[in-house]
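Pasting the structures in now, so scroll down.
Each of the next two complexes has chain A plus one other chain: chain B in the first, chain C in the second.
Moving on, here comes the complex of A and B:
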């Protein structure tokens, strides 16, 4: 009987205690512990993300800078290439101009020889008056013809295989003619690259040296050719006194 | 004898089934209330052994103790004093005292029962 008396109230108290205990444990587990943890975790994650975003931005900036410099370098290379190309082009032109390279193109070939026939005739007519040197091709004839060819727009000239360049000398060497310090003799073959019609027109004008020789009876003739090859200048350019003027 | 234990088990089950969401800030007060409730329960058990059990005292003590303990802890928090420690101390000391009394009572009863049983056996012989 006494047992029943205390059983129910105690059961109620313990029942409430149980509910309170579980609630307290739940509150401690779900709220007191996880919340701050998640909070701090979230905060640290946010901080981490922020720092990483900052880093990312820095990297992006560096990428931009690198890209800019890369573009600049590529531009430099491109301009360098263009410069090299123009330089190469200039070099080729200068090589052609200076005659250090073999060239080919359309042009004319002028054949000249001593007027042996005329000399024979003159000798038979008046042996005392006939002078052999009056019937020879002289250095001056070649010089004039070369200059007449240049007037006609010749871009490359050679005499008996000797390339006539800007420093070439054409002079009398007794019985032979010196071109580029090498002795050559008749018959002379002058090759010139250029406009064939223009050059032959200049050569055939009344006052030209070629026409004078022709009129005098020298065996001369002009041959227009579609393609002639002129060898390179075998000598060397040496400047002992000339220096390029400094641009500085 | 099994009814109070059954009550405890049902309370635990209902508590975990309901799973009332309680903010973490109140967890401390709840713990104090739990302590007070346990104190009341053990006090009740002790009173049974003392044969001074009173349902009204037990129930009022249970509710007032739990509420007052929680209130005291809250007040302490507002004042910036760890007043809940006082409640923990008071309830803790009483809990252990009551437990000791219960243990002793149970032990003495068990010994008495053995003595009685032995005497009965001797008498039979």
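Moving on, here comes the complex of A and C:
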């Protein structure tokens, strides 16, 4: 009776062990022996999978590298965009100064016309001596007034709509006056942006060209303005002989 | 109690063995599952299909990246071109304004005796008229805000607050022939000066160097806003 006490559990355990061992052996056998006829097919499949897996790893590496380089390029573009903006701003500022863009600001307008009345009077007094050219506005008058305006601190000047830039020439072209090689005629309207008082003061100096014309009886006047607009220089800035000195 | 000990030991050993057996079997099962040679053919085919799909996906991704790369490379080169153009344009504007040093062929005009400020203006105007590209009076670069005038205080021809010393040399870059013939036009600047016994010496030069003018002091001027 005493023996029975442990015999039964042991019997159960051993029985279970038996079953487990059998199933384990079964499993081992079935796995270890795939159908022999498909063995070569399986091997080639395995080889293919292994190759594929290697390729996939390579792809992943390449993709990673490409992503990095793309990110770098994108950063370069962003940096470039900032540079473009900076350069564009600088160029705009320079164009405002050089006359290539329309500008505005306070300033004066100078009106000048031929002294027709003076000529009529002179003719009536002494018909033989009165020369019409002595009563006209000449290229030199305009040229000197432009330089007087510059002495007065003019920042932009135009004559009858022609922007006067650094290299502008004012000269006689037959019976007309050429500014930037465009013919203009009376009446003349000179616009100048700058301090209105300073510019007027220079023009009204005794020895100034403007004052000389005024004294001679030419119909001239100055108008101070809070805001005047001056159009852009339509000519070109070509440098065929000159180049920057040193690095720019 | 001594009875119990008798069966306890074998049961304990048996259970221990049972536990080990189960563990070992589980482990080996796991390994079989991972080992390709242990896979069923259908499973292998399935795996191959999966790797094929993944490969196709990666290829597509790589293609996308390459496309983006090409696109962005074009953008980079376009941007580089734009930056180059902007720099060139800026240099040109600076040359026009006279705010950078320049060099080139041209002429020098040397005047020994003092001249009136309007004579100086006439000479400068004639040089611009003859397509001068840059002008300097005694190394003082002429710009569009240069102030050329007679100073009552110093009794001197003055440019931008600086008395012009004589003999004075005017340098102008451009076509030497054109500049020379411009000054020599009959009834021109030189003829006018000749009346007063002033005969400037004109010399064609292969290479002249001109300093930069100061940056303009702009207070009132601003670009008209473009709509």
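Please note the rule applied: the second predicted complex is superposed on the first by the 155 of 248 C-alpha atoms of A that agree within 3 Å, B and C clash if a C-alpha of one lies under 4 Å from a C-alpha of the other, contacts with A are read in each partner's own complex, and residues count from 1 in each chain.
The rule is simple: contacts are C-beta pairs under 8 Å (C-beta built on N, C-alpha and C of every residue); 3 or more make two chains touch, one makes a residue touch a chain.
What you see is a predicted model; the values in this text were computed from it and never measured.
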Practice task
Figure out whether A:85 sits in contact with chain B (first) or chain C (second), or with both, or with neither.
Solution key: neither
Practice task
Go through the superposed model and pick first if A:26 touches only chain B, second if only chain C, both, or neither.
Solution key: first
Exercise for the section: Check the residue A:15 against both partner chains and state whether it touches chain B (first), chain C (second), both, or neither. Expected result: first
Completion exercise
Of the two partners chain B and chain C, more of chain A gets touched by chain C
Problem - First, second, both or neither for A:144, with chain B first and chain C second - result: second
Practice task
Answer with first, second, both or neither: which of chain B and chain C does A:243 touch in the superposed model?
Solution key: second
Handout entry: Which of chain B and chain C A:96 touches, first, second, both or neither
Key = second
Practice task
Could you say whether A:176 touches chain B, chain C, both of them, or neither, answering first, second, both or neither?
Solution key: neither
Completion exercise
Shared chain A footprint, chain B vs chain C, residue numbers 5-7, 9-10, 13-14, 16-17, 20-21, 24, 27-28, 31
Practice task
Using the touch definition up top, name the residues of chain A that touch chain B in the complex.
Solution key: 3, 5-24, 26-28, 30-33, 35-36
Exercise for the section: Would you pull the chain A residues touching chain C in the complex into a rising list? Expected result: 2, 5-7, 9-10, 13-14, 16-17, 20-21, 24, 27-28, 31, 34, 38, 41-43, 45-46, 48-50, 52-53, 55-56, 59-60, 62-63, 66-67, 69-70, 73-74, 76-77, 80-81, 83-84, 87-88, 90-92, 94-107, 140, 143-144, 147-148, 150-151, 153-156, 164-171, 193-195, 207, 229, 237, 239-246, 248
Exercise for the section: Name, in rising order, each residue of chain B that touches chain A in their complex. Expected result: 1, 3-16, 18-27, 30-31, 33-34, 37-38, 40-41, 44-45, 47-48, 53, 55, 58-59, 62, 66
Exercise for the section: Using the touch rule from the top, collect the residues of chain C that touch chain A in their complex. Expected result: 3-4, 6-8, 10-11, 14-15, 17-18, 21-22, 25, 28-29, 32, 36-41, 44-45, 47-48, 51-52, 54-55, 58-59, 61-62, 65-66, 68-69, 72-73, 75-76, 79-80, 82-83, 86-87, 89-98, 100-106, 118, 121-122, 125-126, 128-129, 132-134, 142-150, 173-175, 209-210, 216, 218-224
